[in-house]
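Chain naming follows the written order as A, B and C, and within any one chain the residues start at number 1.
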């Protein structure tokens, strides 16, 4: 079991964004996390990534308790994440952006640069392009490249494929698949059903802070509770 | 992007110019400006490490300058030590202060750090003004006559010029080297986006602390050089807001976060300041501040990258036009 | 008895601290922006009062309102000319913008008014009251009480009126507010106006009771930081409590340790706060 989340909860004041969520991910899986907006999946995701401190519950990575670990600690342990709004290092080139990630495992500049260059090639970006000149798809890809350079065992993708054209989407899906094939376990939060259906083998559905359904994508799509969550009561019988 | 002039050639030319300057312009007036330029360049370059590269804006950096200035003169007046021996003392004090301030404030957003620097600098200034041991409002003085070369009390500015130039060279070298390594990448990442940096495993708080400590070290050295050259220090010339402001404006005007930005800033500001003092006369410091304030606002509003950035954009434009033709 | 007088005096001054600090905390809460020139706004309020008295005449209500309006206008102007452009830029330019503004305002004041301490000519608030052994200048008493009223009024404005909820909506979620037909730019300009206006009135109130020079801006600025840090960034009520506490601490320190130390104590308190309790007493960090 690579990642386990037990009864994780997060309250903001009196509002429980996450109200007891469980998750287990085996090494090598690709797991999807879906749910309507406001369902709490982003908050849960941030708890898994170390950006938000859970109010209660436990998060274990490869047996180690990371519940209260900092984002840096998560990265060092081998968990990487992307951001919904890619936070590109604007004033640095693509290669330099990726090198920041590479330095985690390669403290020496020449090693880091070599490692970064390989990753930049893998993701199809141009190393000398200034970060600020990239469009949104490029920035998202750079975000993935950057975190890949930290050599994560588990990669948390936060809506990394939103806002792409159909062609870009297909390329991105292929990229994620390639990454998965190198042995990285992936948890992907996504709204785009094509991504979920084609990439993931198992899906968890979030609503109102809890996991309300889990199974293969085909099973989940037909689940009554899921339909109700997305479309409201009455849609079940439509 | 290709530069019209190779950077290496540019740096060599610059170094040559700086080395030859006091020999070509041997009048005391010019040498004086030269020394003032170097001192401003050193202070601003030191500030640049934490304020420009790491993006943590200190507006109270005079606290390190002042400690560095008081230390050698204090060691001299209390124990008769040569001021040279007091320089490391100043550095130790400054680095300690840097850690004390950095530890709590770097956990929080950047504004806390900036506010803390103002408060602490003022605190120290007022405190030193009331503390008899360090001379109170009157301050301390250095050796009037040199007992040996280690007293660093020279007549004329030439020796000071080359000592300062050496320190500037060392500082720029350290900044350059550090900038190329992991530490430099981490600094720039923190400045660009702390949250993203964290997610990549950058130890943000520790990196900021290191940057502040390094910056404090050289700022303290600058203060020591100042005290040794003028042979005198008091709370205002050590910890005053003018000292802090000048560092910031020199770096920001030239280009904060670039290696040579502070030099460019000093190159423009020091002659400007000298001219302003001449025109406005004795009551000049008030008008100088008005000018400084105005310049800072204009930089912030229109050209946050400083003149260096402006120059780069203009040069790129000219280069493109020349090659399109 | 003297101690009691010191305490009351400190609280009254603290109330005025609370008033101008609530302006600073409003901007922080709304835009996550620190105005390093806020102390200068207070200082300008004081001089505005003086100018009105000298050239137009009138009583405290007159010059108080004049100071408030003048500074309100300045706040809005500063927002449109400067703040709006830097608020979404790098941190360096954000901090430099108001820091540079502070220098500009402070030394322009030095240039125009000189470094001498000045006071308002005698107003209807002159004289001292004897409240059972405590001798209080009328001006201090009125100024302090007015400050409390105005601070609470600001709090009510922000929390219980439509315009207040619009301001808070923009603070909460700019994009959502826009979708609801609220114009964030206008609301933020309004916030700056209110913030500067509060500083302006506070300045006028201070002018009735205490002498000043252009240097006070720096001190008030720092006091505002401490007050806002203690009371919690974004909380006007927090500023009220914190302001009173700061005024009290300052007065007692001056009494026990000597007048020179009253500023040191405040700055020291700030540094201690940063170390120990950055989130203040009431707000979030």
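Throughout what follows, a residue touches a chain if its C-beta (ideal position, glycine included) is under 8 Å from a C-beta of that chain, and two chains touch if they have at least 3 such contacts.
Since the model is a prediction, treat every value here as computed from it, not as a measurement.
**Student:** Suppose chain B is absent; how do the other chains partition by contact?
**Tutor:** Result with chain B masked: A | C.
**Student:** What pair of chains is linked by the most C-beta contacts?
**Tutor:** B-C
**Student:** Rounded to a whole Å, what is the gap between the Cα centroids of chain A and chain C?
**Tutor:** Each chain reduced to its C-alpha mean, chain A and chain C end up 45 Å apart.
**Student:** From the mean C-alpha coordinate of chain B to that of chain C, what's the distance rounded to whole Å?
**Tutor:** 32
**Student:** Hey, what residues on chain C touch two or more of the other chains?
**Tutor:** none
**Student:** Which residues of chain C touch chain B in the complex?
**Tutor:** Per the touch definition, chain C meets chain B at residues 32, 34, 36, 82, 85-86, 89-97, 99-108, 110-111, 218, 222, 225-226, 229, 260, 263-264, 267-268, 270-271, 274-275, 278, 285.
**Student:** Using the touch definition up top, name the residues of chain A that touch chain B in the complex.
**Tutor:** Interface residues on chain A, with respect to chain B: 49, 51, 70-72, 74-76, 80-81, 83, 87-92, 96, 99-101, 103-104, 107-109, 112, 146-147, 149-150.
**Student:** Enumerate the contact residues on chain B facing chain C in the complex.
**Tutor:** 51-52, 55, 57, 59, 101, 104-105, 107-112, 114-116, 118-120, 122-123, 126-127, 130, 191, 241, 245, 248, 252, 256, 286-287, 289-290, 292-301, 304
**Student:** Taking the complex as given, what residues does chain B use to touch chain A?
**Tutor:** My answer: residues 180-182, 185-186, 188-189, 192-193, 195-204, 257.
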